[in-house]
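Before I ask anything, here is the structure I am working with.
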């Protein structure tokens, strides 16, 4: 396809919510327009694998978690990180306190809900670093593929579930659970944090200067959106709500989410910090018997776009 | 491009061959009846292979059949474990429970006209609830393991079975029922000796429809939460990992299992309803 | 044996009542062979069904063996042969004949004995293991008669049992039926559309006419009990046949 | 008109070949009314179907109007009436009769004219707008005959057209058919199971016998062309009937 | 009248059981919330109650039964909650509002109808081919059966991506998935229907030297009408399921399926249940519409009762 036109399609990795506020704000406030871009934001969902959409030509750029993107790269789909608006990870495990879990070693013999679909990699790395098997039994953890809500914890089908600081954790609290009934483990604190929500494109496209230029504009405008969202969380949440076509979101939830998201994007100007990248790769390579990636990837990110954009 | 043209040529050739066989003298032999669909299926596979290669379709979108077969052969233990979890534990148990429940309900409905008139419309309404909506609810109620999958299957097969069994039980002619009356037969006597055997073609029709429904139901339900084994689990995770060859290997298992399931039911049907004109051919 | 007094039967249908039977008086004695003949819709079947308690009269009186038809049915006082053979395709011929015996609770040994007996009687010995669809129409009809005979009721009710058969087979079965009747002394009620058949078989011919269904003529046959097929070419036979035909034509509307 | 010379037809079935016709020789002249009678399975239908080119003989020669049956079929040389009326329930009586005319490409006006003509001919004028299920069995059968007549073929082939009707209606239709034959002078091939019917209608009666299907007797009728129903009680009639019955019985296996 | 009363009774019984079921289903959360609001619950403390049977808990705390029917995110919503939500999202919302079920219903319906149209046409064409070509008959049928054993939810995302890569987006991919589910019952029914004329009727056509196409138009097609409508009724229900499944991998932004799914991400059970019921009602309406078409057509053909 030719990249001479001004259109950009962005594939999100989840449904419209404040997690993606920066892009919606940029769209709503006309930042993309100012750059001369026509941006279309494609919401995702549990049935959508953004790398696949990218490969099929359905989008120009995607948001993805780095473990999933690196795995796709090893599978022969060369995706490249061009920007990293999220500095830190919002992923955590939330457990019932009354199960007696105090540290990772207490997971043995417990049941833990994990998101799959490419998002299981951080968890698997973590467990292999802790030396805990994920095949169940006395000395291992029983893993469930959790759906995308917090029922398994509320219904006590699992002792711990994966939550995002900005979304599911809040839903647990909404369900009438108080914080002191819970124990949480942030991946960030456990030293196994991996990079989340980066912007990725296909390597071959980057060879086209026109495409590159488009991405520079796109990243610049997006970051402008992110910074605006950080400063005006309530307004950003309102914008997101306007773009949610399902009408399923509630204002209270989006406002809270925006507040938490702002904490994750705070440390980033959009440029990927190679140290963060290295930490992510190291974590993944430590992945034990069923490694996420087998070798350190080459050329999985480029700073060219952000260098130019943030000048 | 050459490969694509080759694909079309092969298609033409195979089709010509099939027409020859189907209209030839041997068309009614067992061999021909197997050969024709086999040739058709093989042609589809060859075309798929050639077109995927010819157009350079990325593996993460559509893998070639040869890659799928390799993946299949390499992953037999995983596929087997998934098969046991989904088909044996989830689909089969749900199928059995659902059919049995439908059978009992059919008898109740048969005995009470009031129940029939009240239950059937409500039942058809409930049957219209889409699985994507009911599966998450049932997973929430019955947990992550196969029990919730079985529950989804029960919900899916119950109504088609109920409809078919009730229709089947109506299948006797007035004359046959009168005949029973002239012998002063009781309800259960005429049920076991007349109405149930007469209902069998319908019952098997329902069993065949339900066999594919059961399989699909069990797989789809796993999309909404599962242990880390099962065909639905593998499919959804593998899509996320872009392991499309694995996805298709599982789909192959599903198609094989589904066709075999259907085939077994059809075989039993042949044995049980040997007397029905459609089986005497 | 069977006695009807001013029997009425009206069906309520959605376009008005249908008088299927009106003021039917008839007495059938033990051992008689009574044929019912009449145009389509005149109530032959309905009358037979009343006797069999498959239909409830809306007026008049009907007794069978001195009981109500319902009680007679419960007492398994009659065998009923329907127009179509109505054999169950999933049972062999023997299995079909055994069916009423199973339902009536005969012992296994008794069942076996009787099946063989009646198969013999209708000339089907050796065909017990075949399925109905493996037999010709005539054979199926004979099996159906055998089934009605198997439990040895005094009364045999037959509703156009030979309607679907060709003339030769029909002749043959007529002969057989007469022999059987002579041998067993059963009381037989027989519905037919064929005048020669009615005349050939019966001791009494009941001619009916429709709208409303009633009896227009009852003809006692002067023919001897012993009847070779050739009897049908005799003047007496033709005489009765003529009378029946006249009776019929009178009641018939040319659709 | 129709001429068969040592005609053979063998069906290959999965349990061996069935000789449906063997060495059949027959000539049917213009304007004749030929009945075929014989026990079930003797090949009556098969022979008629050969004439209609619905079946291909495996041996011998058959010409219809001097052509091969296939060509005669293409030339629409005959009308065929099947045992059941076989009217399409979704077409009115007129629509049913029109059907072959539409297929043969008659003009709309011509279609209309002919439909009215043949409806008149079979005494159904005024019933054209009714649907088949609104008519009695006899009327349906007449409509079916009207349909076979509508395109005015020289030959009319009828396979047990009255098999399903009761005796009185049948008598009536027999009379009508004779009248129609007299009026139109068509050549008619007629299959029946009923001896009186065959004798009453035909100028020539062909008696057949099964396994293998062959002609055992061809009887030319001495009866006059004008035949009231009463003719059936005359000695000539009974004489022929007797001869047919004997011929039939000879070839019949009692099953 | 003959059906309304029994249906009313059955519905009443179901609603009664449903209310009863809400109590044990929702009692744990109700207890926790009541306790938080200052009520005395027996036993005290959520941890204490956690492993307790729901029915036992319900029996010891009859005072909070009312709360089980009035929760925000219940495990099982009470019937009146679902009905209220249905009412609010259909009647009380503008149809253009994205919170209106009518709006979402329309999105799903348009994909359903398009898919149903494609599926029906494709199914009929395939059936025509099967009836007229022995080669097709022998080769296609087994594979058509096998195709139905493939879980559609698994391949739906791939269909979307593949179509996306050839530039098809929006309504069409959803309609194709919907067509995939509806074509099979149509094929099976129509093959049966086209073959329903008796040998005699076909012979009859031959005696008139009718061509294949004349036989098709004048005999096979009209004879297949009852079968057509029987399969259309199954097919349209299948289309609806297909359209909903197709909504999931298209970003689930609009439509009843999207409503179901996003409802489940945020644990909004009342919203899920009302979308579920809306779907079933839509299915019932569609099937009723086909049935009405059936009655009209058969009546015009003169074969209706």
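Going in written order, the chains are labelled A, B, C, D and E, and every chain counts its residues from 1.
The rule we apply is simple: contacts are C-beta pairs under 8 Å (C-beta built on N, C-alpha and C of every residue); 3 or more make two chains touch, one makes a residue touch a chain.
A quick map from chain label to UniProt name: B, E = ABC transporter permease; C, D = Sulfonate ABC transporter ATP-binding protein.
Please read these numbers as outputs of a predicted model, since none were measured by experiment.
Engineer: Could you tell me the least number of steps, going only between chains that touch, from subunit D to subunit E?
Structural biologist: 1
Engineer: Count how many hops through touching chains it takes, at the least, to reach subunit D starting from subunit A.
Structural biologist: So the least number of steps between the two chains is 2.
Engineer: Between chain pairs B-E and A-E, which one is joined by a greater number of C-beta pairs in contact?
Structural biologist: B-E
Engineer: Which chain's centre, taken as the mean of its Cα atoms, is farthest from the centre of subunit C?
Structural biologist: With centres defined by C-alpha atoms, farthest from subunit C sits A.
Engineer: Mind having a look at which chain is the central one, using mean CA positions?
Structural biologist: Per-chain C-alpha centroids ranked by distance to the global centroid put B first.
Engineer: Distance-wise, how many Å sit between the C-alpha centres of subunit A and subunit E, to the nearest whole number?
Structural biologist: Roughly 34 Å separates the two chain centres.
Engineer: I'd like to verify one number: the distance from the centre of subunit A to the centre of subunit B, where each centre is the average of its C-alpha atoms, in whole angstrom.
Structural biologist: 38
Engineer: Averaging only over C-alpha atoms, locate the centres of subunit B and subunit C and give their separation in whole Å.
Structural biologist: Each chain reduced to its C-alpha mean, subunit B and subunit C end up 49 Å apart.
Engineer: Counting only Cα atoms for the centres, state how far subunit A is from subunit C in Å.
Structural biologist: Subunit A and subunit C have C-alpha centres separated by 85 Å.
Engineer: Scan subunit A for residues touching two or more other chains and write them down.
Structural biologist: In subunit A, 46, 49, 52, 55-56, 147, 149, 151, 155 touch at least two other chains.
Engineer: Of all residues in subunit E, which are in touch with two or more distinct other chains?
Structural biologist: Within subunit E, the residues that touch at least two other chains are 75, 153, 157-158, 161-162, 165, 248, 261, 264.
Engineer: Please list each pair of chains that are touching.
Structural biologist: Here the touching pairs of chains are A-B, A-E, B-C, B-E, C-D, D-E.
Engineer: Spell out the part of subunit C that touches subunit B in their complex, as residue ranges.
Structural biologist: Of all residues in subunit C, those touching subunit B are 49, 52-54, 73-74, 76, 78-80, 82, 84, 86, 88-90, 99-100, 102-104, 131, 133, 151.
Engineer: Considering only the defined contacts, which subunit E positions touch subunit B in the complex?
Structural biologist: For this pair, the touching residues of subunit E are 2-3, 6-11, 14, 75, 133-135, 137-143, 145-146, 148-155, 157-158, 161-162, 165, 237, 240-241, 244-245, 248, 257, 260-261, 264, 269, 272, 275-276, 279-280, 283-284, 287.
Engineer: Provide the residue numbers of subunit E that touch subunit A in the complex, in ascending order.
Structural biologist: Of all residues in subunit E, those touching subunit A are 29, 32-33, 36, 46-47, 50, 73, 75, 97-100, 104, 153, 156-158, 161-162, 164-165, 169, 248-249, 251-254, 258-259, 261-268, 271.
Engineer: Would you tell me which residues of subunit D are touching subunit C in their complex?
Structural biologist: 39-40, 136-139, 166-169, 172, 193-195, 233, 238, 242, 248-249, 252, 254-255
Engineer: Write out the stretch or stretches of subunit B touching subunit E in their complex.
Structural biologist: 15, 18-19, 21-23, 27, 32-33, 36-37, 39-41, 44, 61-62, 114-119, 121-122, 124-126, 128-134, 136-137, 140-141, 212, 215-216, 219-220, 223-224, 232, 235-236, 239, 244, 247, 250-251, 254-255, 257-259, 261-262
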